[in-house]
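Heads up, the thing below is written out as structure tokens.
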Amino acid sequence: MTPDRGATPTPLLQVNDLVKHFPVRGRGPAQMLRAVDGVSFTVNAGETVGVVGESGCGKSTVARLVVGLTKPTSGSVLVEGGDIWARGKEGAERRRRMQMVFQNPTGSMNPRRTVGDAVAEPLQVLRAPGIRAKVEETLSLVGLKPEMADRMPHEMSGGQQQRAAIARAMISNPALVVHDESVASLDISLQAQILNLLVDLQDRLGTAYLFISHDLAAVQAISHRVVVMYLGEVVESATAVEFAARPLHPYSVALRRAALLPDPEIEQSRVEVGLTGDVPSPLNPPSGCRFRTRCPYAEQKCADEKPALRPAQDGHYVACHFAGIATATTALEGAS
Amino acid sequence: MIRPALTRLASLFGVLLVVSMLVFFLGSLIPGDLASVIVGHEGATPEQFERVRRELGLDQPLIVQYLNWLGNAVTGDFGTSPITAREVSADIAQQFPVSLELALLCLVTSTVIGVPVGIKAAVSNKGWVDAAMRASLLVMFSVPVFVVGILLLLFASAFAPDLFNVTYVPWQQDLVGNLRSMALPVATITLPFAAMTMQMTRSATLEVLSDPYITTARAVGVKRRRVHYVHALRNALPPVVTFLGFQFGVMMGGLLVVEQIFSLPGLGRGMLDAINNRDYPSVTAITMVFAAVFVVVNAAIDLLYPVLDPRQRSR
Amino acid sequence: MERLNPADAGPETRANVLTVTDLQTAFPTRRGTVRAVDGVSFDVREGETLGLVGESGSGKSVTAMSILRLVAAPGRIESGRIELAGQDVLALEGEELRRVRGSIAGMVFQNPMTALNPSFTVGWQLMEALRAHGVRDPEELQRRVEQALAAVGMPDPARQLDTYPHQMSGGMRQRVVIAMGMINEPRLLIADEPTTALDVTIQAQVLNLMKRLTREHGTALLLITHNMGVIARMCDRVAVMYAGEIVEEALVRTLFSAPKHPYTSGLLRSIPRADHGRGKVPTMTGFPPDMAAPPSGCRFADRCPYVVDACLSDRPALVEVESAHKTRCLRVQELGGSVADLTVRGVA
């Protein structure tokens, strides 16, 4: 069930059948919003796993569950084999090995504290000797001048703020950093700068990333493996190389097609229409395969029977009764 | 729609119950009781005193007294006033319409002035119109109500003595006469309330005016006035209406200065007299009426919210 | 509908719907005047789609808002000329200006969640757009609104009339916003980041829709975006903005295959692609200049790999270096194709 690399030792992060339901109070009876509904994946040390999917598919909820900001309804998050919600110090210790970077650089920092204080926050001691040196070292690591420690957040540009947020996540030497849309609010050129910075840091420090984004191109640029989510479930998971060449789930293929390429030759001769319709409500997801309301290949079986996430080949997992049907019948333009 | 209304109603009674307890038990802390008011301090023998107490049930434990009172109150019986020797509920039945009329008239006039002026001020934000309006607001606020009231009274009696009635005329008797007796009191308090409404409308409208859909409306060619008075106002309305409801509650309970100056036999004056005379049953009863008005107005606004803001409605 | 579809005519013979000349729009701020749009000139021809790209803060939205004089105070159009279907927009007053809005040029805004009024039904808002331009007959209002909703692919248009915006998904709302922009059959549609707030699969639907509608009605489109993929998909021509100026303007294919301005080339290189695997993307270093105190020479100088001394002191002009290809760079002649070469190599 868990898409990992077979014989490897205990992965850094193991997410097992994670479920998070939110009770929603409307007028009328309370309903359950199935934000995350049985998600499993692993992240190995030093590796980047990218999670893509459309708005509301549960990416941020997964992020918050992984770093322990919320407790799951059921399922578990294991760090090096140990549950992050284990009682006492052990659990807390495991949660502390993970850090998170959020989308909005402005909102994630206290406007009344200096950048240096914000960055030092995960160390949990502020005025100890050596902290200042550590802060400055980390700031230069992410390409900021050490003097920036004395600035207030609003005295920095958006790109600089996001670098500072990354510095804050990296300062405690975490084993894993979860990025929830950390480049989404940035300009193209800044986005590229930050993506490169992340690759650099990983090469140097061996930090693993869980990189969450709705932007497939950004995910492809940074990830070793890619996980595709739809309506609270994982529908496909593969190595980035394999996924770039051969996405198998009809939804993944649609995502790929919808991602526009910066190339007028390809784009202007594009004829096919993408997916129709909207993502259904997670309050009341479709029976069987949740993608069937928008899937061009849906058949009766898809409504009756939920497709399990199963290996299509080594390290490539798909949850579709007819995996590969989309790629088989239509050639993907622009695939290199 | 039904269920929330019922829950609302239940909590409404809950609030009233708590208020009644507070009023009753806090009132009992005041030295002296009803018996001492009735019998008077001098010349009463302890026996007389005790007899009155027994008749009134004041010798029983406080909780029993409260339950008795509550039992009567729910049937509309608040006891008899030791001062007027009339049923308290009968007094209130006379005072309530006066205060209600005064409050309603004030609400209408202050809204009719406050809302358009508030929008105008918001639209000309930081322009001279806005500045002038905000300055006059300060002036209106800083002159005490009784000064305005007495001045108006003096002017009216000096220049147009026939235009206004100085004594209260019930509207059932003579509608025009009634309005003539209400004109001055209403004029006295309209402006300060209008000033508050204006301020509230201004800030609510300002907030809305910077919303993107206002730009959308302008970009599609909707007329300026219509953008302000239809597109923007509709969205500024919920906070303004909440505020107006609050104001109405204040007006019902807090116009005693005006009622005193213009000798209007309303609740405010009734309360003032009752307190001066230590007329416990009336004080308790009028307080309950004030509380009930507040609670009902609040509940009404809550129920109105979905009407004003479609996002509050269920699908 | 009687109008001849201008898209059928060759690009050269088409007339301009919009001509912007030397536009300057400024905001007084505490730190001094910000010239958000500083001498911008471009034109949009009948039926064509012109893309306006550039980084955040480069002045794209302010340009768009200036065209219909919707720049919010204290922002002010300081100088320039805007000619919209033969009318001098900056000379229009009151009612005249209002009549131009929506009927000659319509607008579509970025965020479908906030662009519609939450207190009125979708039908009312669309009718309001028609009423603003003199349609009074209730039956005609109803018919045209239903038509407009059907045209944007809304299922069951008659029923949608009584729907409130919050009852619709983002994609559906953006369709309504587009319907509103198009309902008075304008000659030009100005769309400011129309799909940025949408999911990719919904973005594809909305872009297809806009492409189809503008084709069918011969509407010209000024499409503002920072997404190069959207530009590639939608546009005939592209203007690139940087720090309040247009730095390059070319036919879309030319721009992508042979950019002449170092900024354009840097921008193209730094885009990660969905069909590429893991790896670093070449980046531009640095940030755009502070618009309260822009550099006196070339505004891209401190990030430009080709910068020479002259760039720091002389402000380059936008020159037509080839037919239909304008660039604002002092070294454009000597650099020649090397700017573009870098682009191609960067991708590999």
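Going by the order they are written in, the chains are A, B and C; count residues from 1 in each one.
We adopt the following convention: a contact is a pair of C-beta atoms (placed from the backbone, for glycine too) under 8 Å apart; a residue touches a chain by one contact, two chains touch by 3 or more.
To keep track of the chains, here are their UniProt names: A = ATP-binding cassette domain-containing protein; B = ABC transporter permease.
Quick caveat, the model's predicted, so the values are computed rather than measured.
Colleague: Computing the C-alpha centre of each chain, which chain sits at the greatest distance from subunit A?
Modeller: B
Colleague: If I count C-beta pairs in contact for every pair of chains, which pair wins?
Modeller: Counting C-beta pairs in contact for each chain pair, the top pair is A-C.
Colleague: How many angstrom lie between the centres of subunit A and subunit B (ABC transporter permease), each centre taken as the mean Cα position?
Modeller: So the centre of subunit A lies 56 Å away from the centre of subunit B (ABC transporter permease).
Colleague: How many Å are there between the centre of subunit A and the centre of subunit C, using C-alpha atoms for each centre?
Modeller: 31
Colleague: Mind pulling up the subunit C residues that touch subunit A in the complex?
Modeller: These residues of subunit C touch subunit A: 55-56, 169-172, 199-205, 207-208, 226-233, 235, 252-253, 256, 266-268, 270-285, 287.
Colleague: For the complex, give me every residue of subunit C touching subunit B (ABC transporter permease).
Modeller: Residues 68, 70, 72, 98-103, 106-107, 109, 111, 114-121, 128-129, 132-133, 164, 166-167, 177, 180-181, 184.
Colleague: For a test of understanding, state which residues of subunit B (ABC transporter permease) touch subunit C in their complex under the given definition.
Modeller: It is residues 210-213, 215-224, 231, 234-235, 308-311, 315 of subunit B (ABC transporter permease) that touch subunit C.
Colleague: Given the complex with subunit C, which residues does subunit A contribute to the contact?
Modeller: 48, 54-55, 157-159, 187-193, 195-196, 199, 214-218, 220-224, 240-241, 244, 254-268, 270, 273-276, 278-279, 332, 334-336
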